[in-house]
């Protein structure tokens, strides 16, 4: 009964449109009340979930990302992408995917990528004769690179949800190959459509232009190297590397690029505060919700249910992917990471999957959910920027979905894609 | 049904003993008191769980006395470096009047302590060299737990005390963010820190007792007979835990030594102990209740 | 922030100001947070004397940032929510449901303030290790946040009600950005 209240109230509140974070919190508190547990402890769980050291890297990455965004780094990366791959078939589509790959290594957030790159690229693509839905679709789907390619604050959430014991650095490194693989498949989809629809190409700008744009974006790219490299080499912990990345971003945009005014700086601060608040209050409420799930031993129950359905690992993995995809379509990524990790990870580990590989699978799966209706942060932002109705975008997005699904299947069933690089670098 | 908090995973000495405690209670009270242990800190970290026990959200738990010191100032006495001469000495002290005095202090804060478990002796380990004397710590970065006494201890020995979350230690040792840390043999082994910090020096500077605790609220609801049963079960589980711990301590030690860890005993601990004078004086200043307790502990043979 | 047209009612101006102060306070905290970590790394490498207060202070600051920003998020309606049902029901019903949600949020905010205030008195004499200040400071921003959530959602509920009974009102607009 208590479990029914917990899950039912959460579902009801979410469906009628209450903020997901507070739906989690209210359902948890209601269950505390029903079980006769002191409500004070319910709220203690919420505060304690926020006051967690490993999560400090999240505001740091968000802050560094915002600073790079407002400090002109995105525009420089697009110039580099344009010079490098713009001459290919469906040039700007390729540029879009490549920019996401570069930029994804800095922002750590898919929605931030969509809004940053989308507002720069979608208008240009429309102007050059690309269909508006194509422009939106390629921007939206390729922004998942922000989650896959390090740093990524969602990966930190995953490590925390998994109960620690996993190296964030290893997970970061593990995301690189799957992220690039996914982008290559998206680029292939973008090219196929571009050929069919006869979209234009850009003239080749020459090696010199590639070189110049590369040099111009180096200081920005170094942010990613500081954050990831700093943690890998042991100069900093992952948490510290986020803060140092943010401090570096302030210095580089204010002093080298000279594109960050005091006003821009404060805009970045306020935007970071806003995003941090949204993500972290979700984490806090999910932690009270997770307390009740643990009391009801839900992870154990679900694991039993899942393994009793089939003993074929392939079937169970496909089933898990399907459940995650459906959940990802209707819910936000951060909440799902926090709720689903303790439930599904033990099952996956029981099947012999490495927790790192599972993490990568989870990221890509939930990333796809960001691009789907009815609830998809990236899709919403992309459609708003491109001024395209969601229904229209969704009608022509399926080749991109297929590309991501193909990448997802490869990640699910070929451990080497995720694990070779971390095993080799052994961070 | 009583809910029990435990930080350790299944199979660990504490876990086995705590589960046997509650099973024993259920059997001997004919089910009037039954409970379940939630392992692996799924219900929250220790600081939060102490509050849960105080308020009565959970009914029993196994706590290390280190973090209890933040709530029960008297309990900080066990966190003074080198306060116990050995694990056996700690047993004699805790099973005697000083242990009762600490129990009484904890009870005032809603924590009814029934029996004392072991967590062995903590020693320094590092990535660079054997530690023989305090001067060996000079300039080295040592991770410590969040407590002024532990920070003060490393600083008094000339090291750089670096508080850090437990989860970050392995990576930090491996990459050199810190040079060393300190813990008992089983934790040194199960955390795999021995893979990355290969010098273990037997300083045994901290011998922290742990307790099986019941919330005072739940305790007061028990009949006098049941209280006797519960207390007896706790004492018996403590005997089991101490035995399991000693075995685990030995097997962990053998395992890490077999893997090539360089281990050394400290031939003369006096320089370390003498360096602690400032730590003790500072502690007495901040918390005058500690002084008589220290004297009582030192008078136990 | 809302545009400040001349006919903005006093209540809304006060709430705007509260949200503004909360946002900028949280902003100052995030800057301090980042800088303190810079100092931590500097202390460890350059001074070989790691500042021991950074970790504990950071965990206080993140609570302050999160809960102040979360309260403002209620006012500005920026929290993530699932807007499926609003697509299939009439505007009036949607407005009614939103009112209920806001009232629930107000109740939640009230409970948040109430019980974290209890936690404040419960932990009053407990010291945060290495900072030496009372553990109750961890809950102070949450009490404030609960109060703000209460006020902000009550006002949003009031706005919704005026919209419900006066369809021509300018407040007759669903939130969400």
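Going in written order, the chains are labelled A, B and C, and every chain counts its residues from 1.
Here is the rule we go by: a contact is a pair of C-beta atoms (placed from the backbone, for glycine too) under 8 Å apart; a residue touches a chain by one contact, two chains touch by 3 or more.
Small disclaimer: the values here were computed from a predicted structure and weren't measured.
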Exercise for the section: Find the chain most remote from chain A, comparing centres computed as mean CA coordinates. Expected result: B
Completion exercise
Of all chains shown, smallest offset between own Cα centre and global Cα centre goes to A
Practice task
Could you please state the distance in Å, as a whole number, between where the Cα atoms of chain A are centred and where those of chain C are centred?
Solution key: 24
Fill in the blank from the handout: Between chain A and chain B, the Cα-mean centres are separated in Å by 40
Exercise for the section: Provide the list of chain A residues touching at least two other chains, using ranges where the numbers run on. Expected result: 40, 44, 53, 236, 239
Handout entry: Contacts with two or more other chains, residues of chain C listed in rising order
Key = 55, 122
Practice task
Would you pick out the residues of chain B that each touch at least 2 other chains?
Solution key: 51, 55, 164-165, 177
Handout entry: For the chain A and chain C complex, residues of the former touching the latter
Key = 13-22, 25-26, 29, 39-40, 42-44, 46-47, 50-53, 55-56, 59-60, 63, 236, 239-240, 243-244, 246-247, 266, 269-270, 272-274, 276-278, 280-282, 284, 330-332, 374-375, 377
Problem - In the complex, chain B residues that touch chain C - result: 51, 54-55, 70-71, 139, 141, 146-148, 151, 160-165, 177
Completion exercise
Listed in rising order, chain C residues that touch chain A in their complex are 23-24, 26-27, 30-31, 33-35, 37-38, 40-41, 55, 58-60, 62-63, 65-70, 72-74, 76, 78-87, 97-98, 100-101, 104-105, 108, 111-112, 115-116, 118-119, 122, 138-139, 142
Completion exercise
Seen from chain C, its contact residues with chain B in the complex are 44, 48-50, 52, 55-56, 122-123, 126-130, 132, 135
Practice task
Under the touch definition given earlier, write down the residues of chain B that touch chain A in their complex.
Solution key: 3, 38, 40, 42-45, 48, 51-52, 55-57, 164-168, 170-172, 174-177
